[in-house]
């Protein structure tokens, strides 16, 4: 299709985000679409600016990976007035803005947390289990949702308890630092049965911290995290990580298809195109998954 | 005569002590130290180990600030050098890796120094340029991914230990000693303080203020490079997106807690490093306390303010005033 | 002495003022009184506590003890603002204005004419021009203050205080940077004010001026009241003894004529050196053991001349020869490498590094010349500091005190020490005795002569012609930023110099 | 008069740089030279300009205020909660938050003044505190649905080609003009400059330094609060993580606008231009749209460098004929 699409990307704060950008570009190239990416460096105001400038440039469609759920009404209205369809990628916005975008291609981050929680409940099978949680950035909606989802997931099991919860800012370094202090605070780690991290990067850091403290992640301490970035599969292959829930970086592919169908045939897509939240464990041939993922730009 | 405490550094050392005690209160095992794989292991060690990058940054930053400058780019330089180190680690020998990473830091510092000293751009904007672009350069090197490595040599710089002390702590102490030797063993320290205190007078007294300015930024770049190497070595990978993010603020905070004025002049490298450990002690304490993370910043704000108020010249003046009153009333008592 | 005056009641009465800084007694139970319409000299050596007394009076420094009455009513201003509101206006010792603001803003800061809350710029400028014209100053009042010389800045500060003073006007060394003409203008204004019943406190180190204008003298010594008397009861010699607590070894006689015969070696020759818009090209020859004095009105280009000589500004024409070799002087470093030294006029902004100690300030230039990598050992620094503290009688004799805490005159001595420590071949002094007390004055003049005798070449800028004639071998007179005459031998007389200067338009408006 | 003109030269240089940049962008992208892009620049940067105006006062007085970004974040969260949860009428909430911000700024100013602490650190603590308190209030992003918000965010002067002068932009323009009047034409403004020139001298001249200092930080925080209100209008929501790092953008804008970080010199209009230059760089990059995240950052840095170097060159040329100004040292 011969069109120009502007993508207001949040930034490049993690490997997953980089992969999403890379994959989106590749998907655009496959479809011969001119794809303009504006990097907002984690700031909503920059995203709004970017959307305005896309409108000013007269692009054919706008993709938006919203950094927050609220505050898009007026700028999306401008896009609507300019008759430019908007597709949300990866995160949803506040329900009040439903009629302002064409469709949202996202995963359900509450659901992701829930999958992780349910896996843990199933794995410990009734044994008492103290969980420490590495949260994402305070205030980030993904962090809030993954926390909520996990709590929902373990709600039914009174044997599984979250004993400590701190933010690791979604980063490896902070994940490691926070895990180190968890280990100290929980009697050298002997009281910790499982670690839940809101993303894999923090978990990779936490695994290092456990190893340095003489603990055996993957066996003594269970791990479950979210995103499914290549490095966690390496850890799984080495038996140091147990489970991860996939968040696919290919949100743009379905979005392009929806836009093309909409532009060419007028097909109105469903309001929500949900991506799969697939659970991977050591049983899923982690090395093969690693190989398949390692060149995706993570 | 009232007994006077040594003025320099008392406040900082007391502050560090108090925070450590507070940590011990929120976490009774805080001072427990055991040996694990030939390396000391415990929360107290964590404070120094985790504080190492900011301490390294503050060693360079304190010199820059003493010259009436500021270096906002150190976080980005950390990311660049960490990225270089991590991407070369598995294909090159450690000396090559270190030379490349430190060389990059040196170049970054040179760039800052030239902008400030030769083009006459105000330091905060001059270094802002590299703060913005530098992060981009780091991401360019890693292409936005987390580049991991397995080289045990480089890993040793982050996770190894020398005589039981974690390598980052040893590197920090080494860098501090080297810097002290360079600025206090020569007249550079005096010249930096003079230039920071009164640039015009110093230039008229024949001090090569430009050269020193450039040198100081270069040193800051080197310190940042070392911090970046340590940060990469610690997580066995380079996270160009997040390495050193906002650490420039921590480094500046450390310098100021260490008693160096942002308007230049007198400086103390030692106390800047103590300042860095004060910040880390506070962070570690917050992590150990088990408070919900939403409260982190409020706790941090309160602690920073308290430490500063305790250092305030005014408050010191009031205390000294009390001392004078006290001694006066005593001698007055004798006379009558 | 005249400790208690009963009639007429004093306008301002201080009793038992004490102030210590970290255990050091700067003021010790000082009493002072000022009558309406009186011009009262407050005298004392450098560091005697004059400025501290004034600051304690106006609440800038919190006194430890003492009471203050204005018109018999006890007042206790806690800041300069409150003092001004009580009717006490002050010019503090260092020029204390905002250098970045325009002259007009500086004159009226805090009391600008306004309409609907907005400052009336035009009106303010008009008033500023009127006010300054009383002091014979016609300058662009919308230009930033710092674009003018210290002297102009000082006049602005005085004008501001004069315009504010309701009851009492305090002037701390207002004449230090003024030349004879400005001093006359200032005195005229002071007389006018005293006739209006305003009491004036006047601090100075020029005893002539004391006898020219003051009614009464109060002397401080080491923070204590040494005495107070009407001018006519205190002849000059007694006054000096009261200030110093000892006899002054008189050193202010004419210098012995330079021994004829062997021509002293040229240290440096400047040929046609100048800078467009700053100073017209000039020739200057500096010889070993020779003092060249620069005389001229304010803004005549003396400072500009010496800055070019030292490379602080870069000349755009001319040739320089040092010890017979053609050189170019592009920076102070290069000048220092040639053995030059330069004591600048603006000691606060270009001289001292306030935070550093006396020792460090003294060592600074020597250290800079040796390079950072061969540091002076602590022992060498201590020896250097001890030597010059003794030689120049720097007080308090504490090498570890930050220079910023020294009195103005002592800061000047530290600056001098910095350059003497480098043992220069050519020493350039811009107003070296500004703010220095009589005792130290004599010492510095003696020192200049000693340096000469040891073969140093000197280039001295001084507004004090009486002083200049005692040591200069040659006097260059400047006018309108050009060297206009060179006097030597018998021509070096105050009257001749004055006459040469006076060929120029007397007003400062020339610039 | 020549002297006063030459004092303006940093602003003139900044203006020249901005215009040159705009022309270059327009030559590259035909759509660029439109009223719409100009209006977008005004609207999108409104809150930043408002903050920069306050920051200009602070920096000219020789201080710095790092708390502004967090104050914006706090304001948006507070407004969202007050209006949506606690049922406070929007206008009352506006007044309330401005009062809170004023108290916050006055507190920082008082600590700086009475405890003689460096502004950098006091306001850094203020930054932690304001952000921390907004986390405590709510970590979620909260929509604001009040009618006033819908009304205000729709209200705009519309021009041809989709250009709109929005309410935030109008508020911003008023603040710029008001700031210019306050700084350049009132006694308070002169005191601010005097403080930056010399703190001790200002005190000795009989100016109430304490009151002026407290007022300056109060003003900065109030303007940050106003920027927060504008931000919440702009996004119709409140979020504790909004406006992270805005303090650095504001400081950079102020300094690019020709204000000396060491205090004493500067212009409100320069700060306005400084923000516009940053906005221009961003707009250019998003018009280009081909840059990866990292190339975008590198380009931002290089463009910033180009602008500043060009500004420096212009200043240098302007100055060459004149005597070098005293006291300006890198």
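In this document, chain identifiers A, B, C and D correspond to the written order of the chains, with residue numbering beginning at 1 in each.
By our rule, a contact is a pair of C-beta atoms (placed from the backbone, for glycine too) under 8 Å apart; a residue touches a chain by one contact, two chains touch by 3 or more.
The UniProt protein names, listed by chain, are B = Simple sugar transport system permease protein.
Bear in mind the structure is a predicted one, so any value in this text is a computation, not a measurement.
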item	value
Number of steps on the shortest touching-chain route linking chain A and chain C	2
Chain pair with more C-beta contacts, C-D versus A-D	A-D
Separation of chain A from chain B, taking each centre as the mean of its C-alpha atoms, in whole Å	34
Rounded Å distance, chain B centre to chain C centre (Cα mean)	43
Chain D residues counted as touching two or more neighbouring chains	135, 139, 292-294, 296-297, 327
Where chain B touches two or more other chains at once, by residue number	139, 143-144, 200, 203, 294, 296
Residues within chain A bordering two or more other chains	12, 18, 21, 138
Touching pairs - complete list by chain label	A-B, A-D, B-C, B-D, C-D
In the complex, chain A residues that touch chain B	12-15, 17-19, 21-22, 135, 138, 164-167, 169-174, 176-178, 180-182, 184-185, 187, 201, 204-205, 208, 212-214, 231, 297-298
Chain B contact footprint on chain C (complex, rising order)	22-23, 310, 312, 332-333, 336, 342, 344, 349-356, 360, 363-365, 367-376, 418
Sites on chain A touched by chain D in the complex	6, 9, 11-12, 18, 21, 36-39, 41-46, 48-50, 52-58, 68-74, 77-78, 81-82, 94, 96, 137-141, 144
Residue ranges of chain B in contact with chain C within the complex	1, 185-188, 190-191, 193-194, 197-198, 200-208, 212, 265-266, 320
Contact set on chain D toward chain A in their complex	29, 31, 34, 36-37, 40, 43-44, 47-48, 135, 139-145, 150, 153-154, 162, 231, 234-245, 279, 282-283, 285-294, 296-297
